[in-house]
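The first chain written gets the first letter, and so on, giving A, B, C and D; residue counts start at 1 in each chain.
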């Protein structure tokens, strides 16, 4: 039996101790930064069996198997899985192996507490072991070699990805600095070095097909050179030390952070502060994989790809100046596509909103003038003064309102697209709906645009006023034409007892209930999913079903959750018209992939944005329905 | 055909282009010009709107085209007598010509800025005209233009103003003002440049782009409202008053330089020629065309034609196009009617 | 400033003005505001220049104040004017000269209106006959009294004892000229120098040795404006106008303001007191104001009239600093003595503006 | 001081020489498109809040350039941020962000 210690393990042991301490402290810090209520929720979720089971499943799926990446890009999925699962298995199997074959483990090591030797023995087991030809040992050897090979194959793909991203289905990858390059190099070399170290003395320590037959026999020609072997063991340990030491400061921090994030997410937590608690777990979990770069509509404009989620998160992590981070926050269209593709499901929009909420506006909004508003019809006080009839008129309107069960709220933007409101009126009439057009003469803004600027409290005044007016009407259903309104009505309004529908849902319901007689046409339509209907609420099937009933639905290049933002989004505060135009053109190109006759959408803002630049007619879904019914 | 001589009065762009076209139609044009220079106002100008083309180059091109044409400088008409279809023209040097047709290309005069007394041209040192600014761009010599920090341009000086008896729009001043505003901003990038306009009449190809460029790239500030009066303060700076009509509030500011966008007026002395040729003026004082649709180059008098800004304010491209059409009209007249 | 430019305009706006034989009419308010001015005018023209200026005891107001305050219709104002013309005609005069700028404006306006609408003139002729049994003839020539002084400014300079020069420094006094709005703003061709750069007072200042101050708000009205002053609630407008002018002329440090209108010297003088008492600000040196004099008073001063005979004690702003600058001797004790040494009473000293 | 029953009223003239454009220049540097406004008034006409109040984007930016900051800010406060003005602007000005910038740059206490 060889002594169970050699100085070369020291670099690894020291760095491993450091990284473990760092992660534990970091985790405690994040948990303590959580709001009290959230923290309690989190701790409860850890012991509650149902959520604990979910935690386990998600940890395996997301941290080891990387099933999400598999689904999108199998090759990349394999790459991630092979490295993560392979490494994990090597550690686990290594532990079992070291337990099984070193009965005196930990006891014979001088100056080294037992815990420490537990740390390195599984890692450097082959150095301390002596070949054992028992079946049990052979199985272990085989498994260890198998997982080593698996990891090395994954690293091979990683190298290819780095050199030729398009081979693995990526147009653009994240750009890194020297430090990240060094960490990556150290990671890439860990397992080849382990392979060399283990192979170099496979005649003494034993091994399987990979290390012994391929490595020792072929690579080293069956000769054992003690000095050379020691050099490899040292390099292996130093390389591990470099990786472990730099890990907390590199993107590989996502490996430990992701586990924490999964637990926090499963506890039902959300971002409340842009740089603390949950957001911090998300920020550390970002592996800088760059999946979000290609899908981000902003990437269409040169240089704007630097505003994509990955760079945004990285800048927060680097502690970049608040002003720069804020600028990135304000540029984003908030289309949510980055979240759809994020393998870690990082809700970067929530971080951006939280960041926007931090903006200090010296001038506060003042909506006092809405307080006395009895309905949507009254105009300015000075106009009112001139016509006493207005008051009477509005009173009767309120009474009329309370009799109807359905309200139609077109929203601000829809007033710029009268085809939508006109079509909806026609549909209501043909469906014999007892409805009231609430904001026929102009709306009070729904509050979402205000919320997007970070003025949450001020948006509240608008939300409250609309809530009051809608509730006073006594209606049971509220039909909206604008997805921007829809999102805020669904998420922020408290309209208990009132069903909120977007007109796509409502029209679909009418069709399903045979309330509308549709004359089919032979046009080929492509449907553009508005961000705030599709990705936000998964309303994908209703509009498609409607179009199926009218004409031929052709897909765009990217559909549904991968739909490209029209570019008009009010989510972006600072984007210029020129930049928006590039995004719009790209989105149109995507929609025109199968040469449709018309583009159909379900958002007044998308409609107006596309109409400027589209080569074919752009219409709202309500309009094509209204034109085919009589 | 080439036995026919045609007298062209005025060696500005209209006269030169008419002569060139007549020559290429095989006729014999003779240009008479009262001054000692060819080119009219074009010769005084540095660059042309909307795209800042070089005025001198254009003039050289026009001159090149008429190098075979007889041009009499420093000549005035003393007497014209019509006998049948022939005009006997006596010049100031007593030389006589018998010509078959006359094309009047007498152009315009710039409005005399001192007539608009409240602007103080000729009284306050730093009030200059568009023509003077153009001269400065050519020569860079004008002691009044000395690192100005704040510059104003007044549009419609002598145009659309019943108080100076000119109720018409001079058409070119808006674009000229913005062109000059950009140029002077280019020269003095730290200066604030204000344009006081009533309406920005940017009607031609590229004019609106010029407007946008002036706003966006040159930071020219357009104020809707006419300057009503100018005075001088103790430092010798100009104090102007105007109303910001978009805000409905009067405003006052000091300027280091005020440029008056003088409009077009009928040229001095043209009335004498009109009397000799028996052709009338229109309500704006310019020469009256037979009609503005199909008889733009014709007058009520047989054999007398007009081209360019002598009939109304015109841009250079319009003037040149009209000169070409005048040549056709003359040719048609000589070959068909005579 | 390019003087040649102004000279060119002045040359464009000259008018031929008869040498002699005028029918003189007074101003309503000047006689009480600045009672020395009209007397001095008649004394200079009659006795110093030897001209014939006739005055009828029967002449009245021109009706201008009532007309501009919307109290009487235009026909009434015109009939009053027609009566004045009838008096002139009856006295055998053809040249009409008035002391007041408002009157000058009304006369000019009336004559121009009659020129454009002869039927109105006929109507007024009838009104005059119906009311007074008088017949009028339009004056051959209409002048404002300042035109006369302007015309004879060089003769006055020849007879002058003093100049508009600071005797201590030898430098010309800086003089602000203020023209009454109705002098030439309505009919530029009716005034010397036109509307923008009137020459009538500038000519006097230059002839008598002073230096003209051309300041940004030169064209601005003094603020009288009839309605603005007559109604107390509106006086703020009037005051603000004057204030604006003083703020604008302040940097030039003028020694004197010379005016040719009844209201202007009054408001430019009295409002200095109000401004001082409201804001504490004075515009002359050492807590004094800037004297605002009529052109007759200035003519009288340069010709050596006794300042108190000219009525300069009737001004709110102390005149003494100016007299000292010009080197004019005066008896301080006689300031508030009237004819035959009658005591006029001494005004109370204001708080913020010096009187003595 | 004596009360005469009337006093000097403030001139209605905007004195451009006294107008401090420091804040506006800051705003303009952040939003250069503000320069291209041609006062067509579409923003005012379409304004959602304009139905109830006197909000006018066109006037707001003009007022800021003429030193009428207080009046401008009063209008800004009533804006609902709906973005319709941005959608209609014929010069493509990012009106919404300009309004936001105003609320960041200008301060009710300092104007």
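Keep this in mind: a residue touches a chain if its C-beta (ideal position, glycine included) is under 8 Å from a C-beta of that chain, and two chains touch if they have at least 3 such contacts.
Since we're looking at a predicted model, the values are computed, not measured.
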Task = Note the shortest touch-path length, in steps, from chain A to chain B.
result = 2
Task = Count the C-beta pairs in contact for C-D and for A-D, then report the pair with the higher count.
result = A-D
Core chain by centroid distance, with centroids computed from Cα atoms only = D
Task = Starting from the Cα centroid of chain D, hunt down the chain whose centroid lies farthest away.
result = C
Task = Could you grab the centroid distance between chain A and chain C? Build each centroid from C-alpha atoms only and quote it in angstrom.
result = 85
Query = When the centre of a chain is set as the mean of its C-alpha atoms, what distance in Å lies between chain C and chain D?
reply = 46
Ask   = Roughly how far is chain A from chain D, going centre to centre by Cα mean, in whole Å?
value = 39
Ask   = At what distance in angstrom does the C-alpha mean of chain C lie from that of chain B?
value = 46
Ask   = Which chain D residues sit where two or more other chains touch them?
value = 33
Inquiry  = If I apply the definition of touch given earlier, which pairs of chains qualify?
reply    = A-D, B-C, B-D, C-D
Note = Note: in the complex, chain A contacts chain D through residues 330, 359-367, 369-370, 373, 378-380, 412-413, 415-416, 441-445, 449-450, 452-453, 455, 462, 568, 570, 573-578, 605, 608
Residues of chain D touching chain A in the complex = 33, 46, 48-49, 51-54, 73, 76-84, 86-88, 92, 94, 96-97, 100, 102-108
Inquiry  = Residue numbers of chain D touching chain B in their complex, please.
reply    = 12-17, 32-33, 35-39, 58-59, 62-63, 65-66, 68, 91
Note = chain D residues touching chain C in their complex are 1-2, 4-9, 11
Message = Going by the contact rule set out above, which residues of chain C touch chain D in the complex?
response = 232-237, 239-240, 243-244, 274-275, 277-280, 351
